[in-house]
Every structure is written in C-alpha cells, then in structure tokens.
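Labels for the chains are A, B and C, by order of writing; each one numbers its residues from 1.
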Amino acid sequence: MKITSKRINFKTRGETDIIDITGEVTNAIKASEIRNGIVTIFVPGATGAVTTIEYEPGLLKDLPAMLERIAPKEIEYEHEKRWHDGNGHSHVRASLLGPSITIPFEDGRLTLGTWQQIVFIELDNKSRSREVVLQIMGE
Amino acid sequence: MKITSKRINFKTRGETDIIDITGEVTNAIKASEIRNGIVTIFVPGATGAVTTIEYEPGLLKDLPAMLERIAPKEIEYEHEKRWHDGNGHSHVRASLLGPSITIPFEDGRLTLGTWQQIVFIELDNKSRSREVVLQIMGE
Amino acid sequence: MKITSKRINFKTRGETDIIDITGEVTNAIKASEIRNGIVTIFVPGATGAVTTIEYEPGLLKDLPAMLERIAPKEIEYEHEKRWHDGNGHSHVRASLLGPSITIPFEDGRLTLGTWQQIVFIELDNKSRSREVVLQIMGE
C-alpha cells in the first residue's frame, strides 16, 4: 500500500469557468505507479468545487444557469454586508457542490464513464490562480 | 491493508427511479473480508448519482420534486440544442448531487444511521442498465 | 499503512445550526500519528450533512437561506403525510448536501484553504445530539 500526493495548478478565466482536469488526474495516477486504489481530488478554498460532467459547450452554460437559480448573484447576502467582496453567492454555491470527490481506479485507469470528465468549477467572481490537491492511495 | 473492487449491476425503471443499494454494499464488504476501512461508491456515467436517504415512499417523491425545482425538465437547455436527447436537466442534476460517496465501516459494519440507506438515483430520462463501482480499502 | 476511527459528539441548537468541527478533525489526525493520508468524515443519519465553508456569521445565514429556496419548509412533502414529524425538507436537503466528505492531509496537516472550515449542518427541525464518524487512513 502506497500514498502519493500531487498539486495541480491553473488559472481560471473568471466566474463559473469550468476546467477539465481529467488529463492531469490520469497522469498523476500513472506517475504514482499505483495500479488499484482511489484518488481524492480536493479544492483547498471556499469558492471552488469539483464534480464530474460531460464536458461539452452546452452543459458548460447549463450548469452555471442552474447555480444562478439556486443562489442568484443579484440578491442580498449577509456575507456581503461584512466583507464587501461581492461573492456571497460564490461561497454558498461552493458549499453545496462540495470541495471533494473520490474516484476509484483499476489497473491504472479511472473508472469514469465514457462521457464523464472531472472538472474544477470556479465559483468566485473573478479570475483566480487555483491549486487542487490529488491524493492517490492504493497498491 | 487490502483493496478489492466490485461492480453491481441493475436496471432502473426510468427517470428519478431511486434504488436502494445498501444490501449490495453490505454484502461486498462481507465478501471482501476487510474488517475496518472505507468503501467508495462511484457512478461511472454523467446522468446518475449516489447519496443517502431514509428509503421510504414519501421521500422517493420529495427528492425528485426538489430536483424539479432546481433543474426543471421543461426549460431550455443548451445541451439540448446540440444533442437533442432531452436530458440537459439530467446532466446538471447529476453534477450537483455528485457521482461518488465514501462511507467508513468498522468491524465489517457500515457506519450508517438506523434510518439511512445508500441509494443510486437515475437522473436520465429513460430506463437504463446501470453499473456502480464499489472499491473497498482497509484491513 | 494504518487506519483509526473516532467519533465526535456534540449537541446542536436547532434547525440549520452549523457547527465548526475543524478542530476536532485536526486533533483526531494528530492523535492518530498518521502523517499522510485521508480523513473521511461521515454523518450517520439522514437529516445532517457535512461540507466546508468560510465560517463567518454572514454565511451561516446565507447557506440556510439557499436551502430554504431549494427545499422550502412550508411546502407540502409526501414524507409528512406518513410520518407527521415536520421534517420532509430536512431529509431532501441532507440528501442533496451529502453525508460524507473526504479530505487529504500531508505531514499531519489538513490541506484546507486558509478561509475554509469543515462543518456539520443540522438540517433536522430541532436540537439534536449528534455523532460524526472520522476514519483516518494513511501512513
């Protein structure tokens, strides 16, 4: 049994930018030389999230549209009254989507479906430099 | 420390069918002979999800009703314009609920609450044959 | 490779009380003497959830406000017709937020962001005594 840890870094283009990180996760598993196990993908930060989606241009608009229904940008947030950074909606969206996902892999391959990619979602109201933690455990 | 992997297969009856998979997960843990550890339950696919719920008939209607408020079936989705398969709402619901859950077990028993079951939720707009990955790790 | 398990216990003050459990998780990792690995935080129960958030008074109101939009307390729930305990909204909110989160740690330190805390969210409609499972795995 072995553990390895890796950070991936990228810059987002602004609010609700959705980044496909499947390739980076795949490469990290290969580099680890662990054949069977789990990878935990974790966002250190309160205004980003990870999930899976079919990475195609339509859904990259549909997912943000759903988030706008759940936590509209233009309503009043208590967070704003204190911090004045205009991102109360970003925080509650991130808590709902969640900062973490765990995915099994077998024989060095992620068990993803054919039309399923791993994505980071920028929920903050501006472009950010982001770091995501990958922890790989197995044998 | 040991890892084992197992697939469970079943057919769903259509959109928002909710399947109790607690028994299959319990059996997989027993069969693994791992006493203490975690099980990661993962949906390989972009229109299904896993979570826990009290599995009783009322909630099996209340959960879909909530999803219909968040991502209504009848509004316009960009996904639809390109793919014409009528399941844009399915995809965004699946990304929000998430494809993965990790649950600890101790002495061979899942740490679930008394009224808490593990469920697969069919979010696609038709009956599907589904496969769910269980990866069990521990000692 | 080593596994240890711990339960943390606390009393919530009522519906949508949000409890910062970061300190307890940090202490459990220290006590485990595991340096690198993952901690799985799991709620055994169908009306509580775990996630991360910037723990400040504004967001402790904004998150419940979002849940009220998604699953309002005052609409009709099928769960209620059978069980009459007034918490149909609690159950569907809990299934959506999810009972489980997995977080990597390195050199004995959680990989959380600076403004990111681990929280338990009471979704039931009353004060409860709660138990949360921490399972720590690593080396």
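One rule holds in what follows: contacts are C-beta pairs under 8 Å (C-beta built on N, C-alpha and C of every residue); 3 or more make two chains touch, one makes a residue touch a chain.
Here the structure is a predicted model, which means the values were calculated and not measured.
**Q** Determine how many degrees of rotation, between 0 and 180 and to the nearest 5, align the Cα atoms of chain A with the equivalent atoms in chain B.
**A** About 120 degrees, rounded to the nearest 5.
**Q** Which is it for copies chain B and chain C: same residues on both faces, with over half shared, or different residues?
**A** Since fewer than half of the residue numbers are used by both chains, the interface counts as different.
**Q** Just give me the whole-number Å value for how far the CA centre of chain B lies from that of chain C.
**A** 19
**Q** Residue numbers in chain C touching 2 or more other chains?
**A** Chain C, residues with two or more chain partners: 1, 70, 96, 98, 102, 137.
**Q** Which residues of chain B touch chain C in their complex?
**A** 1, 36-38, 51-54, 56-59, 61-63, 65-66, 69-70, 96-98, 101-104, 106, 111-113, 115-116, 137-139
**Q** Where on chain B does chain A make contact in their complex?
**A** Those in contact with chain A are residues 1, 3, 5, 40, 42-46, 70-71, 77-83, 88, 91-92, 94-96, 98-100, 102, 133, 135, 137.
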